[in-house]
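Both of the next two complexes hold chain A, though its partner changes from chain B to chain C.
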Partner chain A sequence: MPSSWRLQSKTWLPKGFEMSTTKDKYKKVAYYPGCALEGTGHAYNRSTKAVGKKLGLDLVEVENWNCCGAMEVKNIDPKIQTYLSSRVMSTAANEMDMDVVMAPCNGCYHNLKKAEYDLANDDESVAVVDKLSQKAGHKTYESGQVETIHALDWIKDTIGEEGLKARVKNSLEGIKVANYYGCMYTRPRHIFPEKDQGPGSESTSKPHFMDDLLAAAGAENVDFPLKTACCGGAHTLSDSDTSTKLVLNILKAAKMSGADVIATECPTCHSGLEMHQIRAEKVFGEKVEMKILYFTQLLGMALGLKPRKVGVHENVSDSIQFLKEKGLA
Partner chain B sequence: MRPLAELEAIFDAPMQDGDVQASARNLLAASEEVLEHWITAHGHEPTNDTREGFRLLALHRQGTTGDPSFNACRETCREIAYYFNLITMQPENSDITDRLYMMGMVSRHLYLFISGKLQVAELGEFCCSSRPIRSKPGHDSTTHKEA
Partner chain C sequence: MPIHEKNLIRPEDIKTHDELVLDGVDVSGHWSTFIETRVVKDYNENLQEEIAALPGGEEIHRCWQCGSCTNACTVNAINPDFNPRYWIYLIRMGYESELLRDKDIIWQCVSCNKCTYACPRDVFPEGVMKATAHWLELKGHTSKSPSTHFDEIFTEQIVATGKIEESRTIRRFFTRTGQALMQPWLIEMTKRMLRGLPIGLLTRMGLATFVAPRTSDWSKASAAIQEYIDEQHDKHEQALSLAQLVETAKQDVAA
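Up next is the complex of A and B:
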């Protein structure tokens, strides 16, 4: 890794990247659902697609996409993860002629951003990716060919709060939401050059895009101090009890904040909050009844979609009665 | 530095003798001790410096050195400092007891995160800014066959 790596980290922007105020190019994006959205996070996949359709945004799924390298590969060999993520971006850029990749999963989003950073700043990563791309028989991804965004950026920058307000059919009024962003949406800060750029940009220390969108749909956001705290997701297999205790603490803090619902934007966090809520009762005898919904599910219902259309029935926590009481089901 | 189990009991029941201010100070001190455990376990002497008026934030900074995944509890530490300020600077606020209990929950999260990391450190890092298991000089990512 070059010695200038750290010096570059605060001011780094990928080649060809421009800070822009008009994000019309986000209206048609290469959609990278990732593995989780085909499994435990299927409701997130369903609701993201449904919301996109309702808002007139175009999602074109990345052809023959592969795993981003997730945490497992990254922890064994980070350059293999860089290659795997680069292949997804290469496919979007070189085979689909797209310049924006939208990844709703925090893990995928984080990994593609990390790969982008590595390829702009680390010659060794560039060499490994080039060699493996040639072995695999596809064009090598070059830093700056695509811009990777999250589903929150996608809706916030194309439709925005005012656009959402104008489209709301069933206000989320009366629903108190604790917005939970998890750890990978903002960390580490240096791989997200577009964040912390002042008004209008996302903050890595106090993220607010989900708060902004749900408030525009009528929800009341509560003051929730653990919005970026660790949910123990990656420890689920190696140390389940710690994961359960971390989740239990998040659930209790949300309850104490006055929240009816925790809104999520990451399939790992979402399934962790749901499954460990059940485990907490079984293992520790502590019952906290908290509804967990993806932000896309809440937005979809605000836009007039039925709960089934946004996959509420696929969630583990049962929100239907609550949604009926709020006039959303 | 009190044992971790003793600190956990403080986070579980943060109110002491009905004195909110003293309880907040005790929570802050206990949170600092949790960070001291992490730093000591890594062979360093915990700092007595402060950052932005808090030793807690200086300790977090020290704990992060050489271990970027530790940044995952940065905002948690800052929230503890925020709630401490709320409690000590607005002692007449009607929500002060709720604020103390919330500070207790945030402190407890710090405790769970760090004690969890201490337990599984030997498994490698599985975190948002993780340190790779294979980072030895000379390793070739394009040729190895096994994990």
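Up next is the complex of A and C:
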């Protein structure tokens, strides 16, 4: 691990980084769905693609991608995770000639960002990644070759709130949303150099990109205190009781702040909130019913897509009846 | 939220006497309690170096005990015994026996990184927790935690195929930890999932259980990763002088 980033004389920024409001280069991105989006998070995959198509944004899937290492590989060895993530970025940069990788999954996004940070600041990581890449027979990824963004950045920085307002067909008016960002989108701070850079940039302590986008689509964002709380996703199976307690906190807080729906941006959070809602009922006897939808599903419906097109029927929590009442289905 | 601190007097160390008179003063009952004397004799002078040799623990020496990690901790909020600040203190002081009293909960860190976010000294407490849990297992103080089993199954699958297929991971995890797959809440979840009849999703997941999704041209990368993991494993064993530990144990048994 590199020595203290706080003690470095300048704030660390990746090579070629610039702060701007309109980012045309985000209009065509290398799309890295990741393993979860091909399994339990399939609805997120489907809705992201549908929203991209509707907004005229180009997604080119990263060829022959591999797992980024998720939350687990780093516990075996963090440098393996750095290598796995670097291989994805290497493919995008060297074989597909892309500048930007878009990862909608918080875990993938976090890992790619972390690999970028380590490769820019830690010589030991560079050496290990180089050795493994050579043995595996592909080009070594060098820091700064691609920029990794989240699906939120992707929509916010290309279409923006004004653009979205102009495109809304079915306003989300009357839907009270609790925006849930989870852990990996903002923490730890040092791997997200573009955040906390003043007006227009994302905040790591009070993230607001999802709030902004859904508000532009007409939804009412409730004051939800547990935006960046943890759902216990890393131990969802190995320490289920802890996860269930953490999820119950989130669900109750959302209920108390008057939300109809929790909007998510991570397949692990999403399935955690759905799974442990049922587990809390079955094992703890506590029933807190809350509808969970990906933010892309809400945006897609606002843009005039049918719920089936954005995979609402693939969610475990049943929100079809509610959406019908609100005139979206 | 206030800074959480740890009560250093444990309930089991407090002695009350039903009837006791000392120097003519009645000290029985709860009003005047006695605390069992604690004498720490078995320091492990290498404890900090051993933790620092494991991935994640490298920066433990930077800690100045402000307690921000414990204050921010997700798990501490549900279990006050989960106290990263205190464990870092024990490790740096070499109080191995004290650390071992909490050995069964250290693995429960959920990696939410709130501690790393709050830490003013870049100790990366989340990494220290993982290194400590790893240390406990390598030294044989605890058996492999469910979390470690999960990490291993996950990594094995990535090394083998390059991708994760979730139902396979779940099944292997339940088998390896000896739990029944047919848990009532899992059945209920599957039932609710079937309600919307997402045919495309079901077909894909069904097919994936027979044919694992894989990254093509993965064999060379797979071999390289496995080789690196083995290399690191040997390095950790050396840092913790595990061979010596086994040797001493053998001699003890022989004696």
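In the analysis below, the second predicted complex is superposed on the first by the 320 of 329 C-alpha atoms of A that agree within 3 Å, B and C clash if a C-alpha of one lies under 4 Å from a C-alpha of the other, contacts with A are read in each partner's own complex, and residues count from 1 in each chain.
Simple rule for what comes next: a contact is a pair of C-beta atoms (placed from the backbone, for glycine too) under 8 Å apart; a residue touches a chain by one contact, two chains touch by 3 or more.
Quick caveat, the model's predicted, so the values are computed rather than measured.
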Chain A as common anchor, with chain B and chain C clashing or fitting: clash
Which of chain B and chain C A:Ala253 touches, first, second, both or neither: first
First (chain B), second (chain C), both or neither touched by A:Gly69: second
Touching partner for A:Arg87 - first (chain B), second (chain C), both, neither: second
Partner chain(s) touched by A:His313 [first = chain B, second = chain C, both, neither]: second
Of chain C and chain B, partner touching more chain A residues: C
First (chain B), second (chain C), both or neither touched by A:Gly39: second
Which of chain B and chain C A:Leu226 touches, first, second, both or neither: first
Chain B versus chain C as contact partner of A:Lys282, first or second or both or neither: second
Contacts of A:Leu132 with chain B and chain C, given as first, second, both or neither: both
Candidates 20-28, 38-46, 92-100 or 110-118 of chain C: the single one with C-alpha clashes against chain B: 110-118
Shared contact residues on chain A - chain B and chain C: 71, 74-80, 83, 128, 131-132, 135, 183-184, 187-188, 229-230, 232, 234-235, 238-239, 242-243, 245-246
Interface residues, chain A side, partner chain C - complex: 1, 3-6, 35-36, 38-40, 42-43, 64-67, 69-80, 83-84, 87, 128, 131-132, 135-138, 183-184, 186-189, 204, 229-230, 232-235, 237-239, 242-243, 245-246, 274-275, 278-279, 281-283, 311-318, 320
Of all residues in chain B, those that touch chain A in their complex: 68, 71-76, 78-79, 82-83, 98, 101-102, 105-106, 108-109, 112-113, 115-116, 119-120, 123-130, 132-135, 139, 141-142, 144, 147
Contact footprint of chain A on chain C as seen in their complex: 55-56, 58-59, 62, 74-75, 78, 108, 110-114, 116-117, 120-122, 124, 127, 130, 134, 145-152, 154-155, 158, 162-167, 170, 173-174, 177, 184-185, 188-189, 192-193, 195-198, 200-201, 204-205, 208, 213, 215-218, 220-221, 223-225, 227-229, 232
Chain B contact footprint on chain A (complex, rising order): 71, 74-80, 83, 110, 128, 131-132, 135, 183-184, 187-188, 205-206, 225-226, 228-230, 232, 234-235, 238-239, 242-243, 245-246, 249-250, 252-253, 256-257
